[in-house]
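Should a chain be cited, it is by its letter among A, B, C and D, assigned in written order, with residues numbered from 1 in that chain.
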Amino acid sequence: MFSLVFGKFFLLFRNLILSISVIFLLFTASALAQQSEIKLGMVLEPPHLDPTAGAAAAIDEITYLNIFEGLTKIDANGAVLPSLATSWEISDDNLTYIFKLKEGVKFHDGSKFDAEDVVFTFERAMAEDSVNAQKGIFSIIEEVRAIDDMSVAITLKNPSGDFLFNIGRGDAVIVAKESADNNKVNPIGTGPFKFVRWDRGSRVILEAYENYKGDAVSLKRAEFVFISDPNTAISAMLAGDLDGFPMFPAPESLEIFANDDRFKVVVGTTEGETILATNNKRAPFNDIRVRQAIAHAIDRKAIIDGAMFGYGTPIGSHFAPHHPYYVDKVDIYPFDLEKARQLLAEAGYPNGFKATIKLPPPSYARRGGQIIASQLREIGIELELINVEWAQWLDEVFSKKDYDLTIVSHVEPFDIGIYANPDYYFQFDNEDFQALMQQLNRTTNDDARRALAIYAQDFLARHAVNGYLFQLAKTGVWRANIEGMWANAPVEGNDLSTIRFVD
Amino acid sequence: MPQDRTKNIVNIKELFVSFNIRPALDNISFSIKRGEHFGLIGESGSGKSLTALAIAGLLPPTAKMIGTIEFNGRPIPKNDKQMSRIRGRKIGMIFQEPMSALNPLMQVGKQIIEALKLHYGEEKIEERLKKLLKEVGLEEKHIKRYPHQLSGGQRQRIMIAIALAGEPELLICDEPTSALDLITQAKILSLLNRICEQRNMTLLFISHDLAAVSSLCQRVGVLKKGVLLEVAEIGKIFTNAKNKYTKLLVKSAKLNISPLKEISTRNELFSAHNIVRKFKQGKFLSFSKKAPLIAVNNVSFTIKSSESVALVGPSGCGKTTLARMIVGLDRADSGNFCLEKNIYGKQKKLPKNIRRDLALVFQDPFSSFNPRQKIGHSIAEPLRLLDGLSNIEKSTKIIRAIESVGLDKSMLNRYPHEFSGGQRQRLAIARALVTRPRLVVLDEPVSALDVSVRGEILSLLNNLRSEFAISFLLISHDLNMVYAVADRIMVMNAGRIVEQAEPKKLFSNPQHEITKQLLAARININY
Amino acid sequence: MFGSILRRILIFAITIFVASLVIFLLLDILPGDPARFILGINADIEAVAALREQMGLNLPIWERFWHWFFGLLRADLGISVTQNVPVAELIGERLFVSLPLAFFALILAIIIGIPIGIIAAQNRAKFIDSFLMILAQIGIAIPNFWFGMLLVLLFSVKLSLLPTGDFISWNEDFAAALRSLILPSIALALPQAAILARIMRTSLVDISNADFIRTARAKGLTKKQAIWRHGVRNAILPIMTILGLQFAFLIAGTVIVENVFYLPGLGKLIFIAISERDLILVRGAIIILILIVSFIMMLVDIAYQLIDPRLRLRG
Amino acid sequence: MGKLKRENLFKTAWFHPSFRIGFLGSFFFIILAIISIFWTPYNIEELNIANRFAPASFNHLLGTDFFGRDMVSMLMKGALTSFIVAVLAVVIGMIIGVPFGLIAASYGGIIDNILSKTNDFLFAFPAIISAIIITAIFGPGAINAMIAIGIFNIAVFARVARGGALSIKMLQFIDAAKLSGMGELKIAFKHILPNIFSLLIVQASVQLSLGILAEAGLSYIGFGTQPPQTSLGLMLKEAQSFFLIHPTLAILPGLTIVLIVIFINIAGDGLRDVLDPRLAKEETLDAAG
């Protein structure tokens, strides 16, 4: 390999000599991005490009709805729309779904899309050795069956209120048997864009798929460029190297873009409930009075201002404010230091105590952690800040549950169910809540579900399981002449098909 | 080149040179006649090199100069460009250290050619080069070599060739031979003499060595601390010097040492048997294997107690290596030494009982004391070798040592930089004597000293020998010097002792070729 | 001569061996199980054990080291835990950014630093000397990442002349790739250029006091001629060693600069590998860095031997 | 023989103008940093979000940062961390590197060869590569940055000590000490070390300023100081993304770094001038003659 590398370097050097003349052209500004090409910034580079084999949000942000499509799809507002399934019927017992598939669809490699692909996809995800990150979506499926070439029946083990939503997510996109194993490096889907190239460490390039069966797409080419450093992100945008940054990593600088006619700043919502996650089994946090004291001591406004520069909506429970079932529980434990100290004293800690807080890399956590430490110091709780990388966080906090407090954003949509899992890293073990969630899962009637969800929100808020801080905002920046970019992030993804440049 | 012997080629009037505010040359006035050989003599720091540089317009930029220097009747130009036309073409220069004076990265032939081209352009370069080489006594094969591939004498010949390239009217030689060994020195001096005669060239010869100056020059100026003490015909300097300092110079050049008291040399004190020392060549993990260099080759000799033996030889003959082995700073590869029945030679570290009977006095008095340590501490250091001394005994010994070399005990609290070179050499001797050793090895004990103090140090050594009954092994390249202080002279060449005899016998009837060469190289003062 | 080059190569080989041993041992004591990391949090114990077996993690440490070391000799550095791609391949790609970047920076440092040093030395103790040396002082004192940011703000954001990084592969668009390396190499080069200027100045001042310069002037050369014909080449010799060291610094400096600009270089790769705890990748990347640096040092030593006639004939 | 003269280094250097400026300048920042151990105008652990980005005023002489912390207090604490990291890295380098170099020079031969080759190798490794390894093993932090910089310093000091020791070793008082029966190690520490001490001090000033820059670089990429601690480099990093809106937040720590480094370098240059025998050389051109 090394001789190869050096050989290449020799060529490189020759090129260099040959293109001395090119240097004269270097300082002429690069051609402006064509109206049909777009370059979008992303913070994280995906580990691979197969959304059915990994949890990383970055995979979906590139591939979902662009390269891959599911039977259904989620639109910018979180509504479920037909995609590869043009229509579906649901049996009266809410257990069997019959999907009619879109005709004439071809994968990017030219192979035909039919019921067999759907069956393959689901069976692959349901299999025991499945590496799908959302096995929960598939575990309730009893059977997947092709009725004919263009229709598929899926039978569930028990009714599920959000099955259609779930199969519209990136984890349930349809893949072809022939190409599935290669999707990590060379993703082949049915979507409006096909994969061109992945310059590792740098960018993924997509190109419009000429045989796409669906609404016409305005873009011809798209690049996702990976920029993890917020400062670099700011200058890359300002310098015009990028057309947009759907999830801009530096809320502190949005002001610059808001005051610049070339750009627009779009603040939407994400599914990210940002919480002060608490180890409910570890003393003293196993005492509800301690948790309540913390809840009283947290000044959400200061955190949102200080960590997110005002972008974010305060939450009082683990529920997204834009969700139709949402109720505002922020005032259950208002900011009240006196009350907090009193509760702490009742719990037996009149002089407070010491604890640790583990902070993953995002700035909401690192900055938020400093602010929370400063706030809790007011009631005598001394926090030691421990910065961890994501890998460490997953290992120590998430799987080993070795932590007191941590700050993290839970980005799964409608994920209140995690509180019913006593092994989840919050270690919240409450039978009442577990029963409540079982009931919710079985309920399909919307009004009934709403009532249950509201009760659950109130329940969590009152138990002060975690410190509920704010709903993470989706702060996007893009050129003023771009339309059709998702303002909110109901699921992770950047739907390129709706994006167009206007004059 | 028409020459008028009566006219002055150089005329210096009231020359002052200073650095910052420190004066270096103080009101110097003299002139050099066309065609004469003029010598400038003085100790280090006397300003003699500075005078030469001033004439050539090569003073360092930090130097300030007042006064006039006329060359061929016209003041030398201040402008570097104009001056550069005089340098080389009218004034040639040769410096002391030919290794550093040549560009290490350039073949020596090219360095000569560069000078030739400056004066003649491209015309007949090869021919001129060959002619020059022949004149300075080099062969054509030397052209393609780099300075480090030549010997010191050859390098100095290259320097002479460079200086002659522009056919200058005045040749300035700044200590041209002091970095060379005696034999080479004599050859270079006679070469210079011959060339100046042949070319009818004026010579300004600068040296600290009155002997060298006297062999070459007709007229001499004596400089001391930036002041020109006197200018006179060389004959008059020797016979009828006006100045006290000049007289001292002349006296020490003749090396008048207070005569030896007759000391009876008795039994054998020390002997060396078949000593061999090889040095490995090449570096760590080296692939090329070179034959080891044999520095000392099967050497045997003896020294009696109270005897003073001199070891003489050209540089690189192995005498210093031998000395280091004797005092235990180095190990012999084979053979052994015997000091009063104690046999040693191959140990890495000598036992105390042997070590305390041996001492070494170093060549360079400036580096033989730790500058950060008081003299008293340095002199006390060898007392570690004597066990069970009380503090009082120690200080008594130290005081006796320093007083025996004629210095005051109050000086023990001073630091080395507060002493002059001669005083330091006395202190070094005091340190060597503090343990009352039986054998003292003296490695060129006076060659780094100014001529004026050499005599007193040698006299001191003689006195000490009779007083304390010590044996001396005196290492030197200077036959004149050892003649006066040695009972016996051993001549060493290429790692072997080739001849030994009493001084008078050796001088009158040398046997070995190298002894003859060494004797021939001595510059005898004939006044 | 040939022998001394061979000797230098042998030292290089020993260095690499010792370095790989040290790196391997250091990174082997780390807590954490790569097999578990690959399979994820929920993997069952049997699968992890199987993968450990497959990855050779159960072998004794010495066997694993030999395995890795001989892999290194074949340019096989294992498979990245997080990216599932051969490490050698990942690194190979990144070198096409980092090496040119460091190389350009070196060239820049030379073409900026050396002339400044020469000008300052020629005008010693004059205003221009002090001025240039104050500039060099400032150049050394400014952190290069900060300077990089300032460059971006000026040339990319305000003037829109150059990209803020945005490296496109050499094959795709050579000129664009070159453009994207201009600002980072300037940022990287600045402190090194300042250091070079100072060393060049000192070296020349030293040389201009050297005896052979006096000889050259005595021949009839003016001071300037003497310094140009004899001084500069001699002054360059010590500079060469410095350049070798500087290249090492520049290679390492890419780690920082690639983070200021978004360049997909080796530095960025290491950075991400560390944050994702991909130790196989970290290990490979570090040993490659060491390999490059040692190789450069070796080249410098050999070049030194070729240029300096005093070393040419030595054993 | 300039460097062999025994003199009070500081006293001599004081008359050198650039040393004086550099020394006073760095002394100012060092004093500020030391004061911050006991007192800062405001407690920087108390965040005051409502008062963030306050402009310079009587209450906050240099304004406040994005957490509402007083910039003067931040700079003092930041300088303290930067100095501690750099100084301790120098100490590490000296304590390990100097004996390393002295031993190599004293024993020579194969020991010297092995030590010097190891050292050449270490020398080629800027702090950042050690930092990568250390961070990979222990995670980031100010102490790790210090060790990483220290490792590089070891190589530097070993080289300087070895070079200095070799030139001192040529001098004859070393042989004199050997003749007195002193061992190599004792000679190294009693005779050689005091004579290369001033050399080491000058080098320490260089490494100190490099250490401050290296700490800043490591903190910038996240391998160095971690919040809630602060250092000048970390302040710079955290302020970068506000640069276009609140430029002072980045300019202040940046300027502080630049000033400290320049002051230390100037002081070091002055010291070197005082010690450098080259300067003396011109004035005593005649010394050999």
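Going forward, contacts are C-beta pairs under 8 Å (C-beta built on N, C-alpha and C of every residue); 3 or more make two chains touch, one makes a residue touch a chain.
Remember, it's a predicted structure, so these values are computed and weren't measured experimentally.
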item	value
Longest centre-to-centre distance from subunit B, chain (CA-based)	A
Distance between chain centroids, defined by C-alpha means - subunit A, subunit C (Å)	38
For subunit A paired with subunit B, centre-to-centre distance based on mean C-alpha positions, whole Å	85
Subunit B-subunit D separation of Cα centroids, rounded to whole Å	44
Averaged-CA centre spacing for the pair subunit C and subunit B, given as whole angstrom	49
For subunit A, residues that touch 2 or more chains besides their own	231, 238, 389, 392
Touching two or more other chains - residues of subunit C	11, 149, 153, 209, 259, 274
Of all residues in subunit B, the ones touching two or more other chains	60, 97, 285
Touching pairs - complete list by chain label	A-C, A-D, B-C, B-D, C-D
Parts of subunit C lying in touch with subunit A, wherever the complex brings them together	32, 37, 40-41, 75, 82-85, 88-90, 92-96, 99-100, 149, 152-153, 156-157, 160-170, 174-176, 178-179, 182, 259-265, 268-269, 272, 274-277
Contact set on subunit C toward subunit B in their complex	2-4, 6-7, 10-11, 124-125, 209-212, 214-223, 225, 229-230, 233-234, 237, 307-310, 313-315
Partner subunit C, residues of subunit B touching it in the complex	56, 58, 60-61, 80-81, 84-85, 87-89, 91-93, 95, 97, 100-106, 114-115, 118-119, 146, 148-149, 159, 162-163, 165-166, 281-283, 285-288, 290
List of subunit D residues in touch with subunit C within their complex	117, 120-121, 123-126, 128-129, 132-133, 135-137, 209, 213, 216-217, 220-221, 233, 236, 240, 243-244, 250, 254, 257-259, 261-262, 265-266, 278, 281-282
Partner subunit C, residues of subunit A touching it in the complex	1-2, 4-5, 8-9, 12, 15-16, 19, 22-23, 25-27, 29-30, 45, 47-48, 131, 184-185, 199-202, 225-229, 231-232, 235-236, 238-241, 361, 389-392, 394-395, 398-399
